[in-house]
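Before anything else, here's the structure in question.
Think of it as A, B, C and D in the order they're written, each chain with its own count starting at 1.
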């Protein structure tokens, strides 16, 4: 089959790779309908991935149709439309059975575990660890009952590709900060996850949503999802105007840098709740403890268990309440996949999400 | 009347000061029955308080009997036994009316506000700001309906003095980490607040409680409240034994140093919740973002709104379910108050809490 | 001043009554801008009210501007735009301070109390008990800090009049059934409260909303708020189609009859949650215990504490997320108030809510 | 193997029955260590069961050791100590995977479903439907990963037999009424489930627990678990004394009769929450709608999903916080099982729970 492989820093290649085979009785084979590129794939593109040895298939976003299932798969059969979860677990432990694949307690297969190590399933695809990437025509999914989610017929594959990672990551953040209807929500960074955070906040009953990004095209998109927008320099003033200086009940940071995290806490009202889902390159930051203590802040940071978040996202999309597909700005073929990486990196041409057709 | 005043670093003095007068129509005068010393008073004792000018009355823990109320006070009358909240607010804003005095939005009178500044009520007593301290025979309480709480007859003044600050601070932490019955809880630091954190966790349905402190007398006390104990060097091993290596669902840190905060996050299981209520001298710490992200941690840090927490603490104490008075290890008179400071500082003689009689 | 008074069954009269005076230091006088008629006023109109002695002013819906405040009022001053709560309490007890006026524990002044009796404030206006009605030009509000809510400038008086009772009653129901985003919600009965229940469900993140009423004009209105609609005979089939036969996660009944309540439980999915806010004339109904036990249902019934619910409704309206004013179908003057009663009773002319101008 | 079979009204017989065999690849065989009799078994004993045709094995309480597992069982292996859930589901649907077997959506195999019908698994054992009873030496468990729960080594089989149904049923009730620490809890009926309701309330942080039963030996037992007790005639007075007439925040009824259910709502405070888990023979009752509406009550009724509730019960028992084994008052052998039924029926000899040894 055809796939995109990592050949070295900034070298992605459209290549022939072996067809996948069933991983076991609980596995399934999916024929991809659309695959996607995540902002975090840029780390791999630049050679900063978990595995810098060239040659592995990349990507962790794919949706499609089941073509084969193992004998111990209960909830799927050939012909089913599915979302493949970007987060993978053993499928059988207490947490996996409930959808929290990131909390998988099977030290061998999935999740990060208490120490943060990577298991056999490596918690995800296409990192050059164990599970190959999903920018490919077919996928072998282990623990299919746990690592795939049925896609209702009302939801298009374009909406679904956004639900493999971007929407669930935003939903994780929005859910953890427990938006009470009427709450003022601030969102920092309006890439695909920030856009989805605005969408999630609106769906959960936010009052004012104030969102910040440097790029105008991103701000325009966020406004369509229901936000008022500003830049990082003007967002505090806008927020103060909307809240009589009290600040945001809830802040979602999708950037992850120390300056963004510090601003998130600054924007929060007393008693506020802050969630961060951006990647921080240093892996640490200087936490403003005294300010947070005086304000009584809650701070959450985490990675998404896609299966868990889809429990709420899917019925909203099926009912037409949310429109994740609005962030699909470009469409291309897998044979042009390498070019898509540079487009995303450059934030050119108004790009948010690119839907890749594996068959062209 | 008699009171303890700050005369300079390590100089506390038993002195005559003017009797307090009603602060207004919404104020009350309380005759103290017992007053206490909080660990945070040691900062003032050492001259690191918010106001280093000598001469002000210190302390923020007092319980007693109402002797006079203003004409606009609805819920109290002379003869009522009361707990004076260590945290003070305007009494009328949205938050104060609900007990969240630390979130008081009246920029002039109370709370810290979004920027962390101190208002007229200074958020508390005895810091040398506006409200005088409570290590005194009488207290003038502003906003009496909001800043005092009725003390049920079943609860002794000795139990009540622990409820002016230590127990509510621990309860704030325990409540924010949302202990689910059966959860394993780790507590770091077993001063009065740590002791109360163990008590709170037990009352909220914790399964295993694993608590750490250097001092054996503190560990013994925590065991009475229901904990298994260790030192900071052995706590992780004990916790791993109790949880098959998964870690604590919930961690409460009462120390506040960077090493304690880092250990708290290390002890947490994936999906864990961590609360910190200790004072951090630098006001900042190096947050282990990558580890926290991989584990999906929630982190809370805050100061207590005593009135809010007493809603749950008081009925538990009245029903005999909790015993905050178990941490009262010493009793003395106000005339010996200065000596009490050095006793607490030295952590000598098994001291946890000292009940001070203002009248001897 | 001018007001509508009850003169006997179906006899409402536009009359001159004495101007109200301040009820005490904690009271306020409000000049009405708009007043409304609630469906429950029809009980009084028919002489089935709590007091059948003619002559009292009726109505419990009014919004306007503060013209005078007592010396102990903290949060309002002349010129403030306010919503007068349809539910009244003492203003000082634990519950009133938090907005739960229906749980007022002051046996003398408000709430229903554990036994269901009426206190001095009678829990509401215009029942011929103690507090006169609000279909009048001026109102004396006792416990003004607790029984009035500030109206943000972005919200029109027409939207506000819907927030005095209809919207908060629906919100109470929707909040008690704890709508999880994506939940399927069924609403029975599409009078003003049913319309607001659809609005509330949509704001709280409902997926499918399936709503039933006999009248087509009501169904059309509910569709504008985001529902799919049916009649009581066809609603189950529509719901089954949307949920593959599983039923509604949440059901809100606004009718209150035994048949409506029974249907509500029938429509609920296993593990479902049902809230009822309609008046049941018999005061009792035959509860399908076995069915509810097999399905594991939660059932809530209650009366709204307007002040509590407005905490969430007001910021949503101020941010333009909800539009309660969409149910104002008619406008008239107080001098034509009597006619308005017969219009509402007849459900003629597409009537949902009538905004009454007290000054014409 | 040996088992107790139903031979007709009040005719239980110790009999030889065929050894069970694996139900499929996802099944397991358990060698019973202790089995129990539930109060609800008395309905079958009297011939009022779901199937009145004689000859089937009865009982739905058993704990023991796994002796064989099918090839698709992930979480158990021979030698594991297990609790067999009294509630059974398909094991694979959304709800079963999370432990909510009573909400099983597989219409063929388990749960009651929306209409209340019984599926292949019949929602439980020993009703003469499909799954044979558990008062036997061996059990074939279908969907073993979902329908069995691992028993930690710290927990005795005697404690575990109480956790197969009684403790989880009480926990369901206590969890649904959301006990806030300090809440006053009333419990009606002190059979095994009522005893466990007292235990659950205490573990969840109840303040006062006031419990009612006619039998003194039951009241004595409940006092050991932390309740104050009364009869049904004196309970309201005791409750009023403890709450200054406000009533109970939370009421748990374990009786199910109309008079008990009505009393439960009468005992509740305004804003109270009531849960019922007793069997109501008529399947309906006269619900005091007006009183409930004035008070704003929540009412829950349901059957337990054992697996779900054990998530919280097991770690509490493993940590020694709760002692379900305190209700085991009698021990006997399976060969004397028939006599045990008449002992339980008569409520003689201080009987609460009988632990039956299948091997004697």
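Keep this in mind: a contact is a pair of C-beta atoms (placed from the backbone, for glycine too) under 8 Å apart; a residue touches a chain by one contact, two chains touch by 3 or more.
What you see is a predicted model, and the numbers here were worked out from it, not measured in a lab.
Participant: Which pair in A-B, B-D or B-C has the same interface as A-D, with over half of the contact pairs matching by residue number?
Facilitator: The pair repeating the interface of A-D is B-C.
Participant: Would you mind telling me which chain pair, A-C or C-D, is linked by more contacting C-beta pairs?
Facilitator: Comparing A-C with C-D, the pair joined by more C-beta contacts is C-D.
Participant: Can you give the whole-Å distance between the Cα centres of subunit B and subunit C?
Facilitator: Each chain reduced to its C-alpha mean, subunit B and subunit C end up 42 Å apart.
Participant: At what distance in angstrom does the C-alpha mean of subunit D lie from that of subunit C?
Facilitator: That gives a centre separation of 41 Å.
Participant: Can you tell me which positions in subunit C touch subunit D when the two form their complex?
Facilitator: 95, 100, 102-103, 105, 111-114, 116, 176, 245-247, 256, 261, 268-271, 276, 280, 282-303
Participant: Quick check on the complex: what are the subunit C residues that touch subunit A?
Facilitator: Residues of subunit C touching subunit A: 180-184, 202-208, 311-316, 318-319, 321.
Participant: Within their complex, state which residues of subunit D touch subunit A.
Facilitator: Subunit D residues touching subunit A: 25-26, 71-72, 74-75, 92-93, 97-98, 145.
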